[in-house]
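What follows is a set of structures for review.
Next, two complexes with subunit A in common: one pairs it with subunit B, the other with subunit C.
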Partner chain A sequence: MVVGARRVTRLLDAVQLGMVVLVLVAPVAWMVLSAFKPRTEVAALPPRLVFTPTLENFAELFQRTDFLENTVNSLIVAGGSTALGLLLAFPAAFAMSWHRMTWPATATLFARMAPGTLFLLPWLMMFTALGLVGSHLALILTHAVITLPVAIWVLLPYFDALPREIIESAEIDGCRQHQTLLRVALPMVAPGVVVAAILCFVFSWNYFLFALVLSGFDSKTAIVASFNFIGEGVTNWGALMAAATVIALPPLILTLIIQRRLVGGLSAGAVKG
Partner chain B sequence: MVAPALLFAAAMIVMPFGWAIWLSLQESVIGGEARFVGLDNYRRLVADGEFWNGFRLTLTLWLLSLALQLVAGTWLGLLLARLHAARGLIRTVLISPFMLPPVVIGMMAIVILDPGLGVANWLLARIGLGPLLFLADPETVILTVALVDTWQWTPFVALIVLGGYLSLPRDVFEAAEIDGAGTVQRFLRITLPLLAPTLVTAAVLRSVDLLRFFDVIYITTQGGPGHASTTLNILAYRRGFEFFEFGYAAALMVTLSAIVFGSVLAFARIRRAVAW
Partner chain C sequence: MRRRTFAAAAAASVLGLPALAQDFNWRGQDGRTVTLLLNNHPWSQAMRELAAEFTARTGIRTRIEIFNEEQFRARLTTLMQGRSAEVDVFMSLPSREGAVFKRAGWYTDLAPLIADRRLTAPDFNYEDFGAGMRQQATIDGLVATLPINQEGPLFYWRRDIFQRCNIPEPRFLEDIPEAAARIRACDANQGVWAARGLRGAVNYGMSGFVFNLGGSYATADGKPGLCNPATIRGIEMYANLLKDYGPPGALNHTFTQVIELLGQGRIAMTHESSNEFANIMRFPGRAQDLGVRVLPPGRETGISKPLVIGWGLAVSAHSRQKEAAWLFLQWATSTEVQTRLVQNGVAPPRASVFQGPAFNAWANEMPIRRAWAEALIEIGRTGTGVYQSPTDRVPEARDIIGNAMQQIVLGRASARDAVCAADPELARLQ
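Right, the complex of A and B next:
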């Protein structure tokens, strides 16, 4: 009797989880399906689930707009700000962990909390004065404000887990500080660097607001270009969903690689508070 | 070794923050000479109906989304714990929504929730409901945005809840079961109080994003229809970058920042109060 009740509960749980999965997957599946539908069937109701997939939406997207250039811009900005964020965060996180400093980590939270619009106004004036509005550099610098805190927070626990003796003995053996950092610490925290790099890249790739204001014709990111498609009243939903599919791919693939650590990090964060 | 990062932060975060506060004390519009006006921008803000409209919308969106996500996230987190399901393919499905670019979320919302051609209204019609205008109706736009955000972020809350739940001492639950506590009683008297600190953590993380909500609203409605979704961050953006009223926009942004920091401090107090 009890065993039967448990089985029923378990079945009910599984049904609930199935519904959750359906609700989470359906919109994304709809986006991808629409991207591959022939133009005449994209907005057809009742929806056609069986159709001959076509690449015409992608062809139109890349041939008739600058989406390829926009995607390259996104790669430059996300790659550049990831590199800059890691370059700044790596030694900083090492020193913070070594000297058990907590205030810089708390200070970076500040940047995470303030609305982006707040920084954008002075930045616009600053970059206008420097003649950098519309350049890749302005976007890399501003996106590094997003990536730097992420990199520090991801790297800190990895440095905390390093045995102090190893670093100390490296210094006794005459390693200079940067040698210790590169030859001893880096190989040991390499998995952390990979996780940090992936998260930085995804967050920078996804970021909308800064590029909305600071990018120019030659530096427009794929994210902002997609937004402009909506604004230009693009009624071709197929091409719109093709663009959405293209910009959704890098984050989805990259987070797939680190999903185990990502969920582990979320859980640990919840426990530590 | 912290120096390069600190220099960067000083130039890109601290200095602009100070500059924004300074701007908020000036009357500064594009083309005009900037002039120090003290707290005039803040006085104007308090008397501005659009500010209070934005304030009300920001609070409504925040409370609505937070409540939905905490309730659904707790339910889903405990469900995942019972089924040991946060692995493999299911884990991928759970992570994907909050790793997607907000622009993609907005584009999906526009296509799926289109009042005339969207599949959402077609599905509602199958069960005899609708049609709804979703983002195009001033009455439902905030609720629609809240639901879209809940779709995106409930898995995030659920994974935090799951992590918190798995770290709880097992014996308390066993003792309660032996003492004959029912399912509801166990949830209300044991699980919920023990999970409270975890839930507050999730609430802080979500609140910081919700109070400064920008992306999905700007992408789908730009604050409309009318001003029905012009939250404080949207209002500040439009004043600054569409009307170029830099001084007044800065005052709005500083005020919004104060609201966000205030909420984080308030949650820190709540966190201490529910600690065990």
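Right, the complex of A and C next:
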């Protein structure tokens, strides 16, 4: 009886797992397969699983458009805003944790929750006055609105979990504040920093709205450029899927490389005491 | 020195001395760079390839930004609201947004530029653009854009399926639902009909049904008014075709989905944009088995009132290099460039191109091209660019009318209730 119940439970688990895999993996598989299909077969129904793969979509992507430059722009913006977010969030999260102040963290969260359109016009006017519209710097600064709250909230539990005695000992041993932060706290919350960096990078990499308006000809990001393939009389699903595949790659590779640390990091601050 | 120069210029102008008169010069803005913000459209894609020739002729470099229509509008309106000089030239659909953009002061009036012999090429010939297109591009006396194409929804049908099922080509609008029923009976596996169901996009495909059955979106005294039998009949016919013969999820469909379905041979009929012609022809077999024509007239009314609209090119009011931008507009809408754009499926708004030998030679290569060209000539002659109730808030009005159609498809209201409920909402937009 018990064995039968176990089997049913296992079967249900497998069905549940299968459904989750189907929902999560099917769109990604469809995207990748479509990127290698001839243009006329991309939207065929029923989808053709057996086909002659072609690189024509990627060739069009990189030869006929500026997608390579757009991808480099995305790397600059996502990398820059991640670095800026972490640079500001690391001491901020430490101070909030040490002084047990939660309101600044809440304030940054509100900024993150506000609709992006709220910022657009003021920023546009501000950056126009500064002559920064269309520059990478404008995008890095604006994307920090996304990365900063993420980094603060990811780092807070790590700092909360740090024994206060260790920090106090470092100060007694003569460490100045920045030395305590860099030499003592940083190595101990490194997994958190890695997690925060990945999340910041992914959020910035995929963020569309600010780049749509504030980027220029030379700073257009890949996610914005990918929309060029949809249009009146000219929708190119093959190139769009190739672009989507390329866009998905950097965060995927990054996550795979540091997957073990990511999982460890996500659970590290979960239990205190 | 300056005083002496001024005196010489003044004397020359009084005497009309030709030596000091400045002639038009394509290289007058040599060394400048103009930024173009364009909607993703066959015209824009072709322009990406051709722009180098403009640079060669004028010395003006171009920076072309192309976005999907929704993103294009988001970027354009934000930049314009911020009075940004980032964009010098932008695409605009005057029939949709002309009144609002004009009120916002985003267009440069092109009339003074057209009239200026110093700035305008002698062979430019503004009158060569069709009268209807010029009228659409002129808003309260302000020439907002130069037309770059003409387009409108056309009726596409699969001739092979009609032949196989022994169904005659629809001669009247009322024949379309009948043909749909016969195709369903003849081949249950064949998709029958697809058309725009997305709220804001519905009017483009649906208005021909309304107009041809004698309906309109306004009362005799110019107030919003859908609640009349002919309009209700037109909206109901469109809704029923989608409900009874449309694909799953039709209410989320716009031209992208419809054209994929048609191109892949999964539907037998649609009413879609003439712009999509070149795209459809890329699908195997469609050049041979498809027919295209203007939506048939109403049987009882005999009315055929199709839509015709055209994108235009505008010079931003905030541009700091309007003369260079104006040179681009002239070159891009010239007879020479429009003749070449025909190869990309862009229907030219210049009469000299449409009736010219190059266009005719291209159209005569295939029967379906000839049919497409004739349909375009017809909509150019009989079409209207107004396909919503009277208001400046055009997109909102189209949303409301599209919503009424959706309510019928969803079965939430009878045709009469859904359509009549839209009138008070439309009145609020006036």
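Following the convention adopted for this analysis, the second predicted complex is superposed on the first by the 228 of 273 C-alpha atoms of A that agree within 3 Å, B and C clash if a C-alpha of one lies under 4 Å from a C-alpha of the other, contacts with A are read in each partner's own complex, and residues count from 1 in each chain.
Quick note on the criterion: a contact is a pair of C-beta atoms (placed from the backbone, for glycine too) under 8 Å apart; a residue touches a chain by one contact, two chains touch by 3 or more.
Everything quoted here is computed from the prediction, not taken from an experiment.
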Which of subunit B and subunit C A:P53 touches, first, second, both or neither: neither
Please name the chain, subunit B or subunit C, that touches the greater number of residues in subunit A. B
Report for A:V20: first if it touches subunit B alone, second if subunit C alone, otherwise both or neither. first
Once chain A of both complexes is superposed, is A:F217 in touch with subunit B (first), subunit C (second), both, or neither? second
Is A:I230 in contact with subunit B, with subunit C, with both, or with neither (first, second, both, neither)? both
Would you check which partner chain A:W30 touches, where first means subunit B only, second means subunit C only, and both and neither mean what they say? first
A:G116 in the overlay: touching subunit B, subunit C, both, or neither? Say first, second, both or neither. first
When the two structures are overlaid on chain A, which partner does A:I152 contact: first (subunit B), second (subunit C), both, or neither? first
For A:P191 in the superposed arrangement: first (subunit B), second (subunit C), both or neither? neither
Subunit A residues where the subunit B and subunit C footprints coincide 43, 45, 120-121, 124-125, 209, 213, 227, 230, 237
Under the touch definition given earlier, write down the residues of subunit B that touch subunit A in their complex. 1-2, 4-6, 8-9, 12-13, 15-17, 19-20, 23, 76, 79-80, 82-83, 85-86, 90-97, 99-104, 106-108, 110-112, 117, 119, 122, 151, 155-156, 159-164, 166-167, 197-198, 201-202, 208, 212, 214-215, 218-219, 233, 236-237, 240-241, 246, 249-250, 253-254, 256-257, 260-261, 264, 271
Mind pulling up the subunit C residues that touch subunit A in the complex? 35, 39-42, 44-45, 63, 65-69, 71, 74-75, 78-79, 81-86, 255-256, 259-260, 263-264, 266, 273, 275-279, 282-284, 345
So in the complex, the part of subunit A that touches subunit C is made up of which residues? 39-40, 43-45, 120-121, 124-125, 128, 133-134, 209, 212-213, 216-217, 220, 224, 227-235, 237
Subunit A - residues contacting subunit B, complex: 10, 13-14, 16-17, 20-21, 23-25, 27-28, 30-31, 34, 43, 45-47, 87-89, 91-92, 94-96, 101, 104, 107-108, 110-126, 141-142, 144-145, 148, 152, 177, 181, 202, 205-206, 208-209, 213, 223, 226-227, 230, 237, 240-241, 243-244, 247-248, 251-252, 255-256, 259-260, 262-263, 266-271, 273
